[in-house]
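Let me give you the structure first, and then I'll get to my questions.
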Amino acid sequence: MSHTLSNVKNRTPVKVWLGAFAIGAVLLMLPFLLGATAGQGWIRILNFALLYVMLALGLNIVVGFAGLLDLGYIAFYAVGAYAWALLASPHFDLHLPFWIVLPIGVALAAMAGVALGFPVLKLRGDYLAIVTLGFGEIIRIFMNNLDAPVNITNGPQGINRIDTFKVGEWALGRPETILGFRITGPEKYYYLLMALVILIIFICIRLQNSRVGRAWEAVREDEIAAKAMGINTRSIKLMAFGMGASFGGVAGCLFASMQGFVSPESFGLSESIAILCMVVLGGMGHVPGVVAGALLLSIFPEILRNIVVPVQQTLFGDVIVDPDAIRMLLFGVALVAVMIFRPEGLWPSAVRKRELNSGKEKQA
Amino acid sequence: MSVLPHTPTATALGEPLLIAKGLSKRFGGLQALNDVSFDIRKGEIFGLIGPNGAGKTTLFNVMTALYIPESGSCQFQGVELTRLKPHEIATQGLARTFQNIRLFSALTALENVMIGQHLRTKSGLWGAIVRNKATRDEEARTEARALELLEYVGIAHVANEVASSLSYGDQRRLEIARALATSPALLALDEPAAGMNPSETVVLRALIEKIRDDGTTVLLIEHDMKLVMNMCDRVLVLEYGQVLSYGLPHDVQHDPRVIEAYLGKGAAQDPLLHPELETENKDESRHD
Amino acid sequence: MDIFLQQIINGLTAGSVYALVALGYTMVYGIIGLINFAHGDVVMVGAMTATSVVLALVGHYGDVSAFVAIGAALLVSIPVCMALGWTAERIAYRPLRRAPRLAALITAIGVSIIIQNLAMMFWGRNYQNFPHIIEPTVFQLGDARLSMLQIAIMLGSALIMVALLLLVHKTRLGMAMRATAQNREVAGLMGVNINTVISAAFLIGSALAAVAGVMITSYYGVAQYTMGFMLGLKAFTAAVLGGIGNMGGAVLGGLLLGLIEALGSGYVGSLTNGVFGSHYQDVFSFIVLVVVLIFRPSGLLGERSGDRA
């Protein structure tokens, strides 16, 4: 028997390498191309898209790999963001460097993930979703109200003038000139975010093809059979929650440092749902699909906003339909449409496609 | 070198591996199990039979900690199974298959068997991410052993096929391979021959006997009387949750209570159904 | 102890509303096993519609009697909500009847978002204020005050619940619904039109939602497009507390939750010396939800199962 897993994996044709190289080159030059053609604003949009990619990949571990429908994922983003905001801003007058704050943010987010996981371990799919949703809201309520008696989060006003990401004295937030080229803050952030995204993608792929990844799949497919095979489903689920949450923590820290300002408003239910939409639309469990879904659903609404607002202004003289409403409406319709017509997502893995379509075959 | 390494067991051949005493389980008003006691000895193929609704699967689920019995105990190599959590059963060395096949259907046959080895391997999140030498070696071993097990049950040719696309007989064998991957001391099969035609059943029987010969004790729940009586060393018959008969196949087969349970009242005495009774009568008359 | 009776009254009033909404959840869950995430938003639409109707009436006629206003509001909201619920079922839920639970739940979330944002586009982001047309007739009971409106809400809900009980237990439709809830396949084989039964469940649930919406907007005085979410979560908690799928449970759960919430938020301020104020009120329902799901997932009136599987 010669065709095994490892044999198939080792054969990567030259074509793939060339393609990867070409894409890599484009990605390297992208911010400058964008800046020159569409303007600096689009680089910021791209940066946010990269943050969403991180978030979607994190949620993908919980929903896509382990099959746990977490509707409160945004809470981990909030934990990471507030961790950075509290440790590197004038709020407590702490200005700790990134190599202290980032690990703390990630660790706190991971702990929050495990803490969320504990009570929901026994819960079935739909109940799990509702409880995680409630948890997400609880975190937001606390963020909103922890300004009295002791002011921790500064309540609804949020925390501002947050330190930007600094390596020694070199700050990413400020524009500078290198070798005669002018590089802006967003452009510098782009490279940092891109590097982190690549790292996270790498980690996801490694996880997928590992003992833990297989255990996640087993738990997702049939929890009782998984238990019968000796898999401790509790710790497996907690691992998924913790790992997924840690990506959220990273994204949160970067968000706080990039934006310079955090408030509970950025961490509401609609964000959790947006991220879920990215995972579901892209292709649950399939890393490339999730990345594509995240990019699509974070960039497309911005494009839409740039069309819809001017069009309405020319036609009606005023903005009648709120672009945010359109964005969320689009998400809602996308969720329903995908579930009805293509539940495996736009770019599914072979496994997921079989899983969701075998149900349909059995009906036929 | 046998493909089937086992969890270490201090039990000698022929000694009891599993001792069940007074197991009782009730569901609301229904007494599904009532004071069931038996033992399974190392190296045997032990059969569990009974009409539909007799409580076979309930007993199975109690033994594998999916149900908690109201009373009774089930000791496996000295460990009380009823106090364990479901995922700890396999770690103790008791692996099972399911009556209505519970494979990880979207995964390949190979992946299914690799998952079976989860509890005997240990690389975690860190190993998965950094892929150090220990992890890579473990992965290679896991894959190799999975292939070996697939060959052992005879379905290596479909290793990379998705489990749900396999034929029914192959799926059953895959489930057995996956259970064997946990290196059990006792393999419990829940109606493995269900839905199989006679030729498939013959192949299955050969496989089960091979498993027993290679050192794994087997517990077999079955409906197919012929298979059970021909293959099993000892048999337990359940009816309405109670032990009806227990012992050697021959004794159980001719136990009038068993005959009545399966064939109805009066069948025990019916000469048409039991020609051997006639023969005995004839013998007796000859001795007159 | 001054506020005890008052909190009881407030709790029972809110609880009656929760019970009505919880009944909608539990009916749908009992029959198709779906948590209709969008149910709370249907209540919201009921509330918003009612407010719009009353605002229009007041704007047009000036002084309007409360009965006429509420009556008109009900007359418009109930069909609107029923249409909404029916449409959602037909378009989004029916195609997924055999799909895995996760898919149906995700779809329900999608429907909820759609309804919310359509409402936002239609009514805007601002709070809609319910006009002061209801006379604040108040009865004094010791230290507590009981308003006419509160009585109306509690009484109205009770009457509706009785009517629903009669429907479910004394009519053919009710029997068909109970049969479908127990075993959908067999009910279908016995000649029950499953589609009709399911549509009926959604229609009834949505009608209840409309009534609840009218009650909420007249009682609290405001309505806004985001109100559906929290309310839905609380009503779902009530349904789970009582035992999901069990209609008596929904009522019991609703009333209990109202009481817990009222007593909790009433006393938490004094118990914690002001650290946690009453704006943590929403947290109570949530805590109840988590506690119930972890320790007694079958709810108060549901069946216990002592198994691990």
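Each chain gets a letter, A, B and C, in the order it is written, and its residues are counted from 1.
Methods note: a residue touches a chain if its C-beta (ideal position, glycine included) is under 8 Å from a C-beta of that chain, and two chains touch if they have at least 3 such contacts.
As the structure is a prediction and not an experimental result, all values here were calculated from the model.
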Quiz prompt | Innermost chain, taking as reference the mean of every protein Cα atom displayed | solution = A
Self-check item: Furthest chain, CA centroid comparison against chain B
Solution: C
Quiz item: Per the centroid of Cα atoms for each chain, what is the distance between chain A and chain B, given in Å?
Solution: 45
Quiz item: Taking each chain's centre as the mean position of its Cα atoms, how many Å separate chain B from chain C?
Solution: 50
Quiz prompt | For chain A paired with chain C, centre-to-centre distance based on mean C-alpha positions, whole Å | solution = 33
Self-check item: Overlap residues in chain C, where contacts from two or more other chains coincide
Solution: 309
Practice problem: Pull out every residue in chain B that's touching 2 or more other chains. | Solution: 66, 85-86
Quiz item: Residues of chain A that touch two or more other chains: which are they?
Solution: 224
Self-check item: Residues of chain B defined as touching chain A within the complex
Solution: 64, 66, 85-91, 95-96, 98, 102-107, 110-111, 114-116, 118-119, 121-125, 127-129, 131, 135, 138-140, 142-143, 147, 151, 156-157, 159-160, 162, 164, 178-179, 181-182
Quiz item: So in the complex, which bits of chain C are touching chain A?
Solution: 34-35, 91-92, 95-96, 98-107, 109-114, 116-118, 120-121, 125, 229, 233, 236, 240, 274-275, 277, 279-280, 282-283, 286, 289-290, 293-294, 297, 309
Quiz item: Which part of chain A faces chain C closely enough to touch in the complex?
Solution: 67, 69, 71, 119, 122-127, 129-131, 133-135, 137-138, 141, 145, 149, 224, 269-270, 273, 276, 280, 321-322, 325-326, 328-329, 331-336, 339-340, 343, 356, 359, 363
Self-check item: Complex contact set, residues of chain A against chain B
Solution: 1, 3-6, 203, 206-207, 210-215, 217-218, 221-222, 224-233, 239, 243, 351-352, 354-355, 358
